[in-house]
Amino acid sequence: MQRDILIGGKTIRLEVNGDHVSVDGDDLAVDYQLISANELSLIVEGRAYRCLLDRTVTDEAIIVAGKRYPFAVEDPRALKSRKARGAGTEGPLQIKSSMPGRVLRVIVGEGEDVVPGQGLLVVEAMKMQNEMKTTRGGRVRRIAVREGDTVNAGQLLAIID
Amino acid sequence: MQRDILIGGKTIRLEVNGDHVSVDGDDLAVDYQLISANELSLIVEGRAYRCLLDRTVTDEAIIVAGKRYPFAVEDPRALKSRKARGAGTEGPLQIKSSMPGRVLRVIVGEGEDVVPGQGLLVVEAMKMQNEMKTTRGGRVRRIAVREGDTVNAGQLLAIID
Amino acid sequence: MRILRAARELGISTVAVYSDADRRALHVLHADEAYRLGPAPASESYLRGDLILNIAAQCGADAIHPGYGFLSENAAFAEACEQAGITFVGPTANAMRMLGSKTSARQLADAAGVPRVPGTTTAATSAKDALAAARKIGFPVMLKAAAGGGGKGMRAVEQESELASALTAAQSEAQRAFGSSDVYLEKLIVRPRHIEIQVLADQHGHVIYLGERECSVQRRHQKVIEEAPSAVVGDSLRRRMGETAVALARHAGYTNAGTAEFLVDAEENFYFLEMNTRLQVEHPVTELITGLDLVHLQLQIAAGEPLPFAQDDIHLRGHAIECRIYAEDPDNNFFPSPGLITGLSQPSGAGIREDSGIYDGWTVPLDYDPMLSKLVTYAPTRALAIERMRHALDDYFIGGIATNISLFQRILSDADFQAARIDTSYLDRLLSAEPPAQSVTETVTHSEQVAAIAAALFNASSGKPSEAGANAEAADTPWKQARRREGLR
Amino acid sequence: MRILRAARELGISTVAVYSDADRRALHVLHADEAYRLGPAPASESYLRGDLILNIAAQCGADAIHPGYGFLSENAAFAEACEQAGITFVGPTANAMRMLGSKTSARQLADAAGVPRVPGTTTAATSAKDALAAARKIGFPVMLKAAAGGGGKGMRAVEQESELASALTAAQSEAQRAFGSSDVYLEKLIVRPRHIEIQVLADQHGHVIYLGERECSVQRRHQKVIEEAPSAVVGDSLRRRMGETAVALARHAGYTNAGTAEFLVDAEENFYFLEMNTRLQVEHPVTELITGLDLVHLQLQIAAGEPLPFAQDDIHLRGHAIECRIYAEDPDNNFFPSPGLITGLSQPSGAGIREDSGIYDGWTVPLDYDPMLSKLVTYAPTRALAIERMRHALDDYFIGGIATNISLFQRILSDADFQAARIDTSYLDRLLSAEPPAQSVTETVTHSEQVAAIAAALFNASSGKPSEAGANAEAADTPWKQARRREGLR
């Protein structure tokens, strides 16, 4: 079994053969047991890990020791191959809604320049107003929603160039 | 939807229509939600019940308020229609092993008369010796195992007439 | 669930009411009787006191426990219960009215000689009015909704120029949240701690206090972590604050459980903030250090029983910490994240208590406060209670939705928190500080290798039916290949 | 898991060892390191001290905590640890040897002036020898394995004619279970309570006791329910028993946690039975009423730290009850029922502690003691702790295998248990009494109607994929039809 895993901005090539796994060419002794559909007991060279698979509407990640590692599988045989959150700092930035809600206010217009941390629009959900900010500076290419719109989880709100 | 449920030695005819159920002809208002594959939130005429489905190697039962009700479904469309434990006190009594183990000793012979509570054979499992007793008196028709035999869960050990 | 369980333990039958969004909630599953109130919005269900009283009358209920939110501090509802001959588990409508509005509570505090933060005792009606009051008190000042709680309708104002717009915002927020736009002003205490005193009063004139809770770790004036006892409250301060809270409760003719909130400054001066006339979300930390059950006591008091102990019988032992686990994403501006829970693994064991209403397969509704669970740890010392919580959080897994578990991990490993150097702006400072290095390394770290191996193995197993892992062993390659190891490594 | 969690909380890295049957066990999942010991049988894995020490040496372990069973009372293993320079978390091999064998423990007790049940101090070698001893003591007598515990190798003998065969049986059971056929005799006390004292001793000569545990509810000499405190132990008896246990521990040069077991008769006479030189399964009840963490203390003592408190600092508060939940079928002669857990719903909340190592999808192995979980409740009073436990048991669901939960429900609702009228034969009497009416009625009861409705609904939904209930709402008829109700009932 062979997989390329995109994690932390790097691609790791894995090959699992019985009780050994090759990680970018390094050979490691592994032992593993699936505890449930999203919980794995993994022993690598004697070190024990509880690995959790967390699939949300926006990404797919492994949680190990309380830390979350979004990942993507790059393999023609894999069914799912999503873009890992945070991976890829190049190209336009898509601002997406992480949950359903209502667009209360649009703060910036298309074509405006924004700085990192600047608020773009306000979405209300569960009676809380949340300002959606950009993590990068740039020019607003597109505002994909209007005030009063109801948005779904994962729906595109804006694009920053 | 219609089902005949054998429970507590009685057969109950049920017909579910939307938010009403007919139980042996009595009409009751019901509301229900499946919480998980084996947990049901059931409201009957305002009374709330947490109903659990327990499938073991020997029977199938509903647990309500800490009490266990073995049942069988009598319906041509149902996939499973097992004999409820305890149901049917007529006919020969089959003594089965409820778990894997090893037959340590056979106490009674075929053709012997036994009284309720009498030990028939001793099975060892998990380092514990367990005397398998008969709940009914009668004549031992058959001892289906020999000393030293390994037995599986549900395997027939003896038949009492 | 907390209240339902406590009632059952006293042999009381329970009736749950639910909105359409909560039909699958655990309190409905576990109640003796359950009735639908209405559609999901609280204004059409849980805030409809008339519907609730109708149901109570129909099913012959003796008492109503209002819980923590919704109508729990609504004097009109308490009064309606009284008129309907149904016991409201809480104070009388009269006491609630006196203490429930912050404006009247402050008047009462003054009358009872309870120290409080300088401020107005009546609502500011205009910007001009507010400005005059603010100048008299001295900036910085705080705007607060008279009817509210939980941070809604609150604004800190540093200078005169900000006052008018802040007042408008606070008033409209107060109107939306509480149906009243009354807002008052008070002096802003710099770096105060938020410490509250739990009081219990029976119908026979006995009033006692059960020590304090430290609730300084807040975000947007919402409590995030609560502890008992407070690391800065010694026996003397505890007695002074406790006796003050008891005096206030006596003055108001208060009955049942209540909480007096105070700001405490670095010199151990304490200022009364408000009285919460209900059971608090954070009551478990008090239960763990006193060994008492506050819900049992609430029900016994409501039934007219006297308190079964006196002030001298109350001894605090050990340390308890509570984390309020919310469906919100700390990496995304604390945006709420309701949705389907697709995996759940909850910690348990020595010194771990969890009050939660979630389960695998439950959909966190959009409609209410997204609190999922209260995770509470107890240990003989604060340091051990913190360590216990850190590991309990590591063990906690809620799949499918974002939660604030990582926020707690960050707080609990912070040196200032561990040294109890906290005040009400502590968390804002921590959050505005550089987030902990995300360690985006050039080379692949060992942890990333492990995560990648897990990702590959999960990926290889996906698509195969595996009901709760039951069939995992039976699934074919590569799950089976590595099951047996030859000897020791 | 209990020990692993406590170690993590003290910042100690953990190494788990496992047999093939336990690869999927939770202690392996949560450890920092994990190594395979060998095949499933304990004699080839968990009882192989040599393999365990090899692993400890390879991974550089500082200490070994032996848990509750297997090698925890094996002096040879403790000695091997000492020789390998690895700390054994427990008493010295020497103290263990003195107290571990019942015969030598009795000699020690006599020397320390600890009252004990009249009996032989050396093992009975022949039937003739045993008969002479029994006649001297007076019937009824008890046969006990010198090396054992947990009821193995024990026989009560009412009259002379039964003695020879009972001795043979006890000896062969002792040989199988402990590798030694030594069996001794003692007088059988009529209707005694089994009450034990928890002691703690550091390496600096401090020895204290932490109150008692009431363990009279037993089946086949195995503890079923434990409580703390005992309803019949007052301050005076507690002090007398506690000081006796401390004297014994001092006499043996004992260190770490240990338990002195006593029989107590109706006149408050107490007789020393044996000293358990390890942490007991039932330690949580002591933790809940003292507020301490015994595993933390064990590790601190093993590290050479002094006890952080004195006898006067120990105060008991409230009441705790533990139920040992086993995979065994009370309706079928308590036959073990290992197998796949196909559904799991565990109680939680105020006053509920669970120490368990099970999960949905886990297969309870055939190979070991079938204990699934320890469910413990705490409440201010015994009556409330019982009620809390009854409801926690109602909430507990372990699907797919038989458990003894129904046994606890029967005990906890029994008037004698509720009145604390218990002794070591209490449970045998309850079980031999007419079982509660199975209410096989002619007509269909209301509960049967409800169960039948549920059965029909489950049946109608089966076959449809429903991953942990997540898709239940999406499943078609009849699940959807009844979701919305028109108005109130």
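Letters A, B, C and D mark the chains in the order given here, with residues in each chain numbered from 1 onward.
Everything below uses one rule, namely that contacts are C-beta pairs under 8 Å (C-beta built on N, C-alpha and C of every residue); 3 or more make two chains touch, one makes a residue touch a chain.
For clarity, every value in this text was computed on a predicted model and none was experimentally measured.
Engineer: Out of A-D and A-C, which chain pair has the most contact pairs?
Structural biologist: A-C
Engineer: I'd like to verify one number: the distance from the centre of subunit A to the centre of subunit B, where each centre is the average of its C-alpha atoms, in whole angstrom.
Structural biologist: Once rounded, the distance between the two centres reads 49 Å.
Engineer: Distance between subunit A and subunit C based on Cα centroids, please, to the nearest Å.
Structural biologist: A distance of 30 Å separates the two centres.
Engineer: Centre to centre, by mean C-alpha position, how many angstrom separate subunit C and subunit D?
Structural biologist: 37
Engineer: List, in ascending order, every residue of subunit A touching at least 2 other chains.
Structural biologist: Those would be 31, 33, 35-37, 39, 46.
Engineer: Could you check subunit C for residues that touch two or more other chains and list them?
Structural biologist: In subunit C, the residues touching two or more other chains are 23, 30, 35-36, 342, 345, 359-361, 467-469, 472-473, 483, 485, 489.
Engineer: Pull out all the chain pairs that touch, please.
Structural biologist: Pairs flagged as touching, ordered by label: A-C, A-D, B-C, B-D, C-D.
Engineer: Mind listing the subunit D positions that touch subunit A in their complex?
Structural biologist: It comes out as residues 16, 23-24, 28-36, 59, 359-362, 467.
Engineer: Mind pulling up the subunit B residues that touch subunit D in the complex?
Structural biologist: Listed in rising order, the residues of subunit B that touch subunit D are 1, 3, 5, 7-10, 12, 14, 16, 18-19, 21, 23-24, 28-40, 42, 44-46, 49, 51-57, 62-69, 71, 73, 75, 78-80, 98-101, 123, 125-128, 130-133, 153.
Engineer: Can you tell me which positions in subunit D touch subunit B when the two form their complex?
Structural biologist: Going by the criterion above, the answer is residues 177, 329, 332-339, 342-343, 345, 366-370, 393-394, 397, 399-402, 405-406, 409, 440-441, 444-445, 447-463, 466, 468-469, 472-473, 475, 477-479, 481-483, 485, 489.
Engineer: Using the touch definition from the top, list the residues of subunit C that touch subunit D in their complex.
Structural biologist: 1-2, 5-6, 8-11, 20, 23, 30, 35-36, 51, 54-55, 58, 284, 287, 291-293, 295-296, 315, 317-318, 340, 342, 345-346, 348-356, 359-361, 363, 378-380, 384, 387-388, 391, 395, 467-470, 472-473, 483-485, 487-489
Engineer: Going by the contact rule set out above, which residues of subunit A touch subunit D in the complex?
Structural biologist: Residues in contact with subunit D: 31, 33, 35-37, 39, 41, 43, 46-48, 50.
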